[in-house]
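Next up: some structures, all given as structure tokens.
In what comes next, subunit A is part of two complexes: it sits with subunit B in the first one and with subunit C in the second one.
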Partner chain A sequence: MDFFLIAELVINGVFVGLMYALVSLGIVLIYKTSGLVNLAQGALAMTGAYITWMVGNYFGMPIWISIPAAVVFMFFGGVFIERSALRRMIGQPVIMAIMLTLGIEIALRGLLPGVFGAAVKKLDIGVSPAPLFVGDILINQSIMIGGVVSLALILSSLAFFNSRYGIVMRAVADDQTASWSVGIRVEKAIAVAWGLAAVSATGAGILWGATQGVDWSLSLLLIKALAIAILGGLDSIPGVILAGVIVGVAESLATGVVDPFVQASTRDIVASVIILATLLFKPHGLFGHEHIERV
Partner chain B sequence: MLLALNNVEVVYDRVFLAVKGVSIEVPDRGLVALLGANGAGKSTILKSISGLLKPERGEVSRGEVLFNGQPIVNLDPPERVRMGIVHVLEGRRVFGQLTPAENLIAAASMHKDRGHVNALMDKMFTLFPRLAQRAKAKAGYLSGGEQQMLAIARALMTEPKLLMLDEPSLGLAPFLVDEIFDIISRINAEQGVSVLLVEQNAIAALDVADSAYLIENGRILMGGSAEMLKSNPDVAEAYLGGSHQSDYHAVKHYRRRKRWLA
Partner chain C sequence: MFYRRAGIRHTRYEDERQLFPLTFDRVLIIAILVLLLSAPFWVERLYLVGYMVPWLIWSGAALGLNLLMGGAGQIHLGYGAVIGIGAYTSVHLVRFGVPLELAMIAGGLMSALIGSIFGAAALRVKGIYLAMATLAMQYIVDFFTQTKIISGGSLATLQVPPVSFLGISLKGDVATYYFCFGVTFLIALYMLNIRRTSFGRALAAVREKDYAAQILGVSTYRYKLLAFWVSSFIGGVVGSVLAVAYLRAISPDQFHLELSVQLLAMVIVGGLGSVLGPFLGAALILFAPIVLNNALGAAASAFGTDIPIDLRAHMPLLAYGLMIVLFLLYEPLGLAKIYDNFRKYLLVWPFRHAQK
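Coming up: the complex of A and B.
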């Protein structure tokens, strides 16, 4: 096996994995604060990309305006989803709230292509499509920049969780009743988590939209994001980074190494296999908090 | 009067009447105890004051809760905390995945000024030096006594006027129970925080309290000064472990009636 081919696959896989990880960051944020798995994350990424494209194309704004505009819009979009839909689910079984997020995913997936047209939209964020050569290794530039930006965003969310409001949000994740008892506005913390999840989805949607174009298929990022969140342990941000890299590299190797043997595309089953294997062999994931039980 | 409950009824799930017309008063700087057996409705009374009935699908169906003369039944728990009511839950309920220092910061969400929060934290660490020693460990791994101290410190971070404690002695070794009660009476005396204390350990509670109420089956059986309750023979027998002077040969073979129910 050619060393350079493997190195190329691994390096591109790492960047792709970090871009997946940014989508799954939102799942982790919401799980951490409200104990709910957000299955609308893929559609939020898609929506963020559509909004960015729309601001650029319909209003003729340059990219450095349309990205912040989309981020702000999506933050309030996330808050609005929590306010209008999920807050009604308080006191209902968790499965109902999860089904509701799945419903939002499916609705957005149908609605936006219906409104904007199903053709693939080109989103140009000013990254050259030309590949970058490092020695004999070929690196896709837009993926490299996407991976670096994703990593930076994920690390900054780690810093956020050590800030004062971040600590409050972790307290809400730990025990909602106890949070109320010391005056924490639990509903507000959860709404902020939804806002931030929508923002991370938007970031990922823009980066992916720039590499593959904007259409409904961006919402399929949900499956990869879920695999990463589950492998990382659902409530761990460092877990998301490591699991993202694992999923990205595994996919990339599957494409480059396994595909020629089986004469078929194995890329898309990698995520499913990882979900299955994690749940079977390590249900808490790599970094998931186990419940502290004092005897 | 800092806190007054007038004829409060609490219903769970719209059917189960847990508190049946209770009236309680906590004076400014007072230390009041609610005594009674399991399931008497003591915790429910505290939750009706702190507003934490809602997550358990309970509600105040009748009567009024006045704090500083203002009705508070319709306020959210965070609003009540901002007015100065804080509730230390039964079983401590510290944020197990957070360190003690983070537990304290999380409880200070109503204070805008960071310097003020730091000053409050320093105060807590001087009040509870043991927490300072364990400041880096996850709170879930602290001992029961340390967790209780953390739960009290966390509540004090909100700068309450009324501190409500639900069974602070639960599951603690006797010397720790003494330490905790010592701290509670110090907070009451030195910082002027009124305390409403729910306890099954009636001896310890009556030692620190000014006044107390006896609760049974969601009703108040008796209320008065701690001295008066301690000297009452029925209370001594039912809650303080008996006076050891009964002559068992003379005891009649039917169950003795509790006189106050008659």
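Coming up: the complex of A and C.
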């Protein structure tokens, strides 16, 4: 086995994994505050990428305007989803709320390619497609920049949780009733979590859109993001970074090392296998807190 | 007024325990059955094969999924994969020369086995985790059905040889229709009766609060797994019916996540936990996109505007998603509940206040 090939796969896998982790950051944010898993996260990433492309293409805006425009739009889009749909589900079984997010995912996946056309759109954020050579190792530049930006965004979300409003959100995550009793507006915190989740999805959507083009397949990021969120424990942000790196490297190695032996594309099931293995051996993930149910 | 409960006095326990205690309901059911049984004589062949047969098959599949989701309260996002396992198992057996009757049961058993293995893994955790475990199942099964041994590759199709059921060849449209009708009728009958058995009651207890059921002495794990087993078995049988009676040539992409999403939408739109629901849901989910598409086309030609082909192609997905969202928000128990409200209204009409 070639050392350089492995090193190349691992390095690219780390960056790809960090880009996946940015999608699952939103899942973790929503799970922490409201205790449900957002299955629309992949579609939100796709929506963010489509909006960025639309602002650039239909209104002729440069990329440094269209990205902030998409981020602001998606923040309010996320708040709107929470306010108009999820808040009505409070008190219903959690399964209902999950199916609602799945319904949103399906609808968005039909709406955006339907309106803007199903062909792959090119989203140029000014990263050259030429690969970068470090010695004998070849690194995909757009993936490297995407990974670094993702890491920076995830770390800044950690910093956000130490700010004043971040502490409010941590209180809501800890105990909703107790936060209510000290005057925290729980529903507002959940709405902000949805907004931030949509923003992180948009960031990931733009980075992935720049790498592989914008089309419906961006919503497939959902399954990788779920794998990362579950492996990381669903309520831990450092867990997302570590699990993202693990999933990215595992996927990259599966493509480069396992595929030639089995003559099939194993890339797509790595995330699924990780989900199942986590649930079998460590259901609450690497950093998750065990949920104790009281009768 | 239209029909009533007053004056109907059940004097024996058996009378009260029958499936449809009200005469009107019995008459209605018999009328619908007669309509369906005589359908080949008054429905055009094209509609019989293109609309009635898929409606019956998809209703059967939705009934199976509804046992798990509405009956036991366990979410399953990979039911399309379960159907795929049944379809591929039975088609391979039929190609080997095994009679269809046995191949159907074998397909069901294979689906039940694989479905329960994933279920057993997933049932260590619940709720949201179960959703993701079944989603993972969908992708893993997809991967295996795309291998050369099972399907011949991701783009290959597998022809179903001519088959016969109980000595009747399923080549003709009418025989196929009655075959699908029979299978779905049996599944529906099973679902109607299951609620009156200890199994059905145990599932209801598990659905409402699983640890409360455990305290009452209902083995939660056992019944959840049993629900997975039964529901996957039905899925497998329906899968083989789908393959031999409707698709007649199967390829892996017919059993992808889209099928699971379609069935999920049918169950939610139709009504969780009801037997009538899947029939209504299947009709709406299967035909609404067609009707919408035709309406869009007609509107486009009437107003002289052009509707992009992409929009029309993505109309079904958009419609499924919106229907799931709107039903969950405004009528979480689906079309069956709307029918039930209407029926209750008629039961006491014109004395509305007598309802409570």
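Just so it is clear, the second predicted complex is superposed on the first by the 290 of 295 C-alpha atoms of A that agree within 3 Å, B and C clash if a C-alpha of one lies under 4 Å from a C-alpha of the other, contacts with A are read in each partner's own complex, and residues count from 1 in each chain.
Rule of thumb we're sticking to: a contact is a pair of C-beta atoms (placed from the backbone, for glycine too) under 8 Å apart; a residue touches a chain by one contact, two chains touch by 3 or more.
All figures in this text were calculated on a predicted structure; none of them were measured in a lab.
> Could you look at A:Val182 and tell me whether it touches subunit B, subunit C, both or neither (first, second, both, neither)?
Touch partner of A:Val182: subunit B, not subunit C.
> Let me test your reading of the model: by the given contact rule, A:Ile167 touches which partner, first (subunit B), second (subunit C), both or neither?
Only subunit B; A:Ile167 stays clear of subunit C.
> Could you tell me if A:Ala45 is touching subunit B, subunit C, both of them or neither one (first, second, both, neither)?
neither
> Just to be sure I read the superposition right, which of the two partners does A:Gly91 touch: subunit B = first, subunit C = second, or both, or neither?
In the superposition, A:Gly91 contacts subunit B only.
> Which partner does A:Leu226 reach: the first (subunit B), the second (subunit C), both, or neither?
Touch partner of A:Leu226: subunit C, not subunit B.
> Looking at A:His289, would you say it contacts subunit B, subunit C, both, or neither? Reply first, second, both or neither.
In the superposition, A:His289 contacts subunit B only.
> Of subunit B and subunit C, which one contacts the greater number of residues in subunit A?
Greater contact footprint in residues on subunit A: C.
> Under the stated touch criterion, which partner chain does A:Ala70 make contact with: subunit B (first), subunit C (second), both, or neither?
In the superposition, A:Ala70 touches no partner, neither subunit B nor subunit C.
> Shared contact residues on subunit A, subunit B side and subunit C side combined as an intersection?
Correct list for subunit A: none, the interfaces share no residue.
> Quick one: which bits of subunit A touch subunit C in the complex? Just the residue numbers, please.
31, 36-37, 39, 85, 88-89, 92-96, 98-100, 102-111, 113-118, 223, 226-227, 230, 264, 266, 268-269, 271-273, 275-276, 279-280, 283, 293, 295
> Quick check: in the complex, which residue numbers of subunit B touch subunit A?
50-52, 55, 57, 77-78, 81-82, 86-89, 93-98, 102-103, 105-110, 114, 117, 138, 140-141, 144, 154-155, 157-158
> What residues on subunit A touch subunit B, complex-wise?
Of all residues in subunit A, those touching subunit B are 91, 164-165, 167-168, 170-171, 173-186, 289, 292, 294.
> Show which residues of subunit C lie in contact with subunit A when the two form their complex.
Contacts found on subunit C: 69, 73, 75, 77, 118, 121-122, 124-125, 127-129, 131-133, 135-140, 142-143, 146-147, 211-212, 215, 261, 264-265, 268, 308, 310-311, 313-325, 328-329, 332.
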